[in-house]
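Sharing a structure, written as structure tokens. Questions coming.
Labels run A, B, C and D following the written order; every chain starts at residue 1.
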Amino acid sequence: MTVLLDVEQVSKQFPAGGGLGPLARFKRRLSGGPNLLPKVYAVDDVSFVINKGETVGLVGESGCGKSSLVRTLTRLLDVTGGSIKLGDRELSLKPSRVFARDRDRARIQMVFQDAGESVNPRFTAFDAISDPLRRLRKLRGKTLKERVETVASQCGLPLQLLTRFPHQLSGGQRARVGIARAIAVGPDLLVLDEPTAALDVSVQVVILQLLQQLKREFGMSYLFVSHDLSVVRLLCDRVLVMYLGKIVESGPAAEVFQHPLHPYTQALVAAVPRLHDDGVERLRLSGEPRSPIDPDPNVCRFYGRCPRGTEACKTTMPALRSFGARQVACHFAEEFLPQVKSAS
Amino acid sequence: MTDIAAAPPRESALAALYKHSRYIIGENPVTGFAFALFVLIVLAAILGPHIVPYDPLQSDTTQALKPPSAHHWFGTDQIGRDVFSRVVVATRLDFFIAVASVVLVFLMGGLAGVAAGFFGGWTDRIVGRIADTIMAFPLFVLAMGIVAALGNTVQNIIIATAIVNFPLYARIARSEANIRREAGFVEAARLSGNSDWRILAFQILPNVFPILVVQMSLTMGYAILNAAGLSFIGLGVRPPTPEWGIMVAEGAAFMVAGEWWNAFFPGAALMVAVFCFNLLGDGLRDMVDPRRRT
Amino acid sequence: MISAPALSVEGLCVEFRTRGGIVRALDNVSFSVEKGETIALVGESGSGKSVTAYAVMGILDPAGRVTGGRAMFGGLDLLSATPSQIAEVRGRDIAMIFQNPRTALNPIRPVGRQIADVLIRHGNVPRNKAQAQAVEMLRAVGITDPVRRAKAYPFEMSGGMCQRVMIAIALAAKPSLLIADEPTTGLDVTTQAVIMDLVNDLAKELGMATIFITHDLALAGQRSARIVVMHAGHVVENAPTREIFEHPRHPYTSELIAATPDSAASLDELASIPGSLPDLRRADLPPCRYSERCPRKIDVCAQPLPQSTSGSGHIVACWNPLPEKALLTPTESAA
Amino acid sequence: MPTMILKRLAMAIPSLIGVVIVTFLLTRALPGDPAAYFAGPAATPQAIQEVRVKLGLDRPLIEQFGSYVLDLVHGNLGTSLTTGQPVAQELRNRLPASAELTLLGLLVSIVIAVPLGILAATKPNSLLDHACRVVSTAGVSLPVFFTGLILVYVFYYLLGWAPAPLGRLDVFFTEPPHVTGFYLIDSLIARDPETFLAALKQLILPALTLAIFSLAPIARMTRASMLAVLSSDFVRTARASGLSSFTVIITYAFRNAMLPVITTLGMVFSFLLGANVLVEKVFAWPGIGSYAVEALLASDFAPVQGFVLTMAVMYVMLNLLIDVLYGVVDPRVRLDA
């Protein structure tokens, strides 16, 4: 498996509370406090790898830092630290402001959750799909028109819909336009930010099957972001579970959902409503998540809500340790390991 | 609620706008009426001097202060000039003042606001500081000050009206650009290789422009009122050029003594024009953004 | 002992005047919920499940009009009751909770006061005691440090906590029927599980009938005794949960189950439903609004829909339903 | 709460500095040469130069600005060339006249516009709703001075109900003993009903003119924000909880709808202070507006400077009041500050 994307200790911080005004910062310095502004640690020291042709799932609840991580990978945001290597090219060197003109721009593209909001209301479907082709592939005129039409039909979009505006298309049709635009320039990595969250079940199935078929046809790699575990289970080979800016568990999707090791993943898997409920007593998370602002680096982020929180969790931050193909950031992972070995 | 999944039949962009606007005008006759009135005003502004029965400047003391009659539909003023001719000819000047100030304030306030909203940082702070300083003055008082300082030529009235409205446009443009700055389609545009300037010009502005157009038609009404107000206190257009504000000012003294037509007709024309622009503004707002119906 | 149902909706029809024409949102919708029973109204967007609840509660959007049917609550028909009659019932005997809890609460009024408002209006609690009782309500819905939280504003609370406040408001007057319109759709799946537990426990405690509206079939199945499936303004199937999952009889229900990700081992096994929701403004709408997409369509489907009920209260509105105890299509049997 | 006021005050300071600079520059650019005017028409160029030195107009602009700010700090706004009186004194005498007129006008317009807006919003497309829309569009289109003239013509000239538009008090009545400078309040304090009635009759037409002018934006904004709030989620929840319609419309809906209305008041104040100048001319009202207009026409920059500065300071203070009012109503603002 050749590595396509190598993410190494990436972190992303935002000024907290919209940043202090000059007055407040001056007062802070007067009172001898650190001149550092309080920061939200949206993404905190995240490392993982995406291999060529692989579909990796990224799962986590709102506020866990998924979209910040995704926006740094696609170079819409600059990283605060760490490196993002696409093949042999280090992407984080060039600031995101000018990355739009970079020759590798076309290699990573993105499909957005609300397709309606991610297409300019004044653009027709044709304009939306042709824009990247004009800018990144310098196509014009007839060749442009042909390319747009081939990509549209590959995505199952009837050609007569190309002159429609977003508000004249159904949810499913808009999702197809979003996908067509992203694959038009032939990217190596396609980042999908909850592409079917806003769709009804019946439409969701069609779009998911389209995505799988496109991946087989063009050999792209996917990073599939979602809060819906049952969708991730169907589509992804491997899955990363994020909580408050850190990866707490990762591994083959089927195994992670069958026998989750990290307490948070266990709570997540237990919380998902199942069609054929086996009536087993469900693990419930109590309390509220810890604050992401200037978090204490040696306390486990899940401490306080974790059913197994002990003294060790309060003093040392559990590192992400590997157990074969599985990784988990918890001092007590071993407890669940024998069960995993005997089962698989 | 029910969102209709089946898309309506195929339409080109222009046909959609035409059908939409015909629907708005149809459903809201008031906007239709305002649009007709607007066309009338534009015609008066263009053809005015050629179709007017009398020469608006030619005085005839023997005919001074005659009430409205068959000869002089709007009567005559204190030095015998035909009030009707002057009112019609004045349309051109007032209309010009309105359009010029609105275009100027759009270029100054609108564009500065969009840039401030989109780029944020220093541009935002500078534009914000300028807007705050101008906003510290009551509108008309500042206009008075500017025109008094620069001299009351038509050109200065236009500049004063534009400066006074700068904060309003800057604020609207800034907020509309700001909410779109993080919109999905802007991020998609960046992914598609568009530079920030290209996104601002071809993606943000076309979405903000219609909202500013609505404001422009409301400001046209304000611009005429402002110019007339300045003339009324002797800071506007200098007599004898026919302009509604100055005509009302000159006629005011006679009104109290009973010769009402002298001030009434220019005042009425002024009101009708401003009324028309405001109604048009409301109609445009419905066309641009039905949700923001006021 | 067949006690009168808490609520019985019969033949409910609702229309909306829109710019594009008349939308026949609901057509002859009937179902009932027993005292203490929890049923789920399940359907995709545009199926009319929320419109049904809004019509029963009398808070339809001005463009909507009830054009037929009855909603019997106790002895009172809510659809033809006088405003004063409805004012007595709404918020006291029937309560409702909504989606997006943060926007569903008054942003500039402390949450304690919002609960107190309902207590004063319906719970005939004197003004001075209302605030104290509101704090008790907050404790009952599991909010820690309720005394301080009562003075807080919705923007200072998480989505989960706002939803608990809304539940406190709804249950302040101990209603006998609770309608929950997609209460956990916007929340994280862990918070959703906790909130749904809370609603179920309180319903059991108060012996309250509950109508749970959702698009998530699995969530509906886990939380309710009976499931009413709606499609394009029609009730297509109404049966006990276990029955409907094991022997769905309406083609749409079985397709919906087969399309739910949880029901399949791999993506290819997921069934996709052809076509899309019909445009409810069309004058030529067929009597069965699923017929244009239905693989089991036969000639008689053009006739007005039948309402057949089988033994265990399994209602289905279809001329050619799936056989009762027949062998299921391969995909279901493997799940 | 106090921290919020301090913060708003801190933000008002840059505006005030901006105001001082702009008023200084504006008046220095007045056409015509004050020294020549002051020295008299027959004065020799040499005499004019003498006056210019005395007035300090020959010194570089920065120095003039320095002394201007220094005077300001001592509350000295310079003296008016036309009347010879210190500007600060004249403004202080005339301010109550303008303030009484403006505040009464605003009070009348709020009392009419806000209920009209609420009723129009609660009964969409009713007669009232259309009335509100027509009134608000017409109101905005009516030039203030024209409305004033029409009212005078109809109620004074034709019907004779209203007194002649000649200042604050009829010739037969004496000014009530000065307490606040507001004739209505002072005459009440002096328990002198005749003067109160006379002053009120004089005030009615100009106040009505201002009211009609400011009625429109308030009614329009009240209706728009009420419509928006009434269709919001929390009003739907309030209705579903069976709260009384009064609670739903006033305690829940109107309190939220008030927020944008309060911000509109800032803009309406700005219109009112401007329109005040015009109404004072139509009704020969001895306020600071007419005072400034006469000075402007005579290129007498000291009173103009004083007027613009007073108006701006008053306007900044009013905006501050509005921000504080906003903070009282909306906890989100209060807790953020």
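Please note the rule applied: contacts are C-beta pairs under 8 Å (C-beta built on N, C-alpha and C of every residue); 3 or more make two chains touch, one makes a residue touch a chain.
Quick caveat: nothing in here was measured; it's all calculated off a predicted structure.
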Length of the shortest touching-chain route, subunit C through to subunit D: 1
Identity of the most central chain, Cα criterion: B
Maximum inter-chain contact count - chain pair: B-D
Intercentroid distance (Cα basis), subunit D paired with subunit B, Å: 23
Euclidean distance of C-alpha centroids - subunit A vs subunit B, Å: 49
Whole-Å gap separating subunit A and subunit D, where each centre is the average of the chain's CA atoms: 55
CA centroid of subunit A to CA centroid of subunit C, Å: 32
Residue list for subunit B, restricted to those that touch at least two other chains: 5-6, 8
Overlap residues in subunit D, where contacts from two or more other chains coincide: none
Per-residue multi-chain contacts in subunit A, two or more chains: 170
Touch list for subunit D against partner subunit C, complex: 124, 231-234, 236-244, 247, 251-252, 255-256, 259, 329-332, 335
Touching residues (chain side subunit A, partner subunit C) in the complex: 61-62, 170, 172, 200-206, 208-209, 212, 227-231, 233-235, 267-268, 270-277, 282, 284-286, 288
Complex interface listing, subunit C residues touching subunit D: 57, 59, 61-62, 87-92, 95-96, 98, 100, 103-109, 117-118, 121-122, 153, 155-156, 166, 169-170, 172
Subunit A - residues contacting subunit B, complex: 71, 74, 76, 96-101, 105-106, 108-110, 112, 114, 117-124, 128, 131-132, 135-136, 160-161, 163-165, 168-171, 173, 178, 181-182, 185
Residue ranges of subunit D touching subunit B (in the complex, touch as defined): 14-16, 18-19, 22-23, 25-27, 29-31, 137-138, 140-146, 149-150, 152-153, 156-157, 165, 220, 223-224, 227, 269-275, 277-278, 281-282, 292-293, 296-297, 304, 307-308, 311-312, 315-316
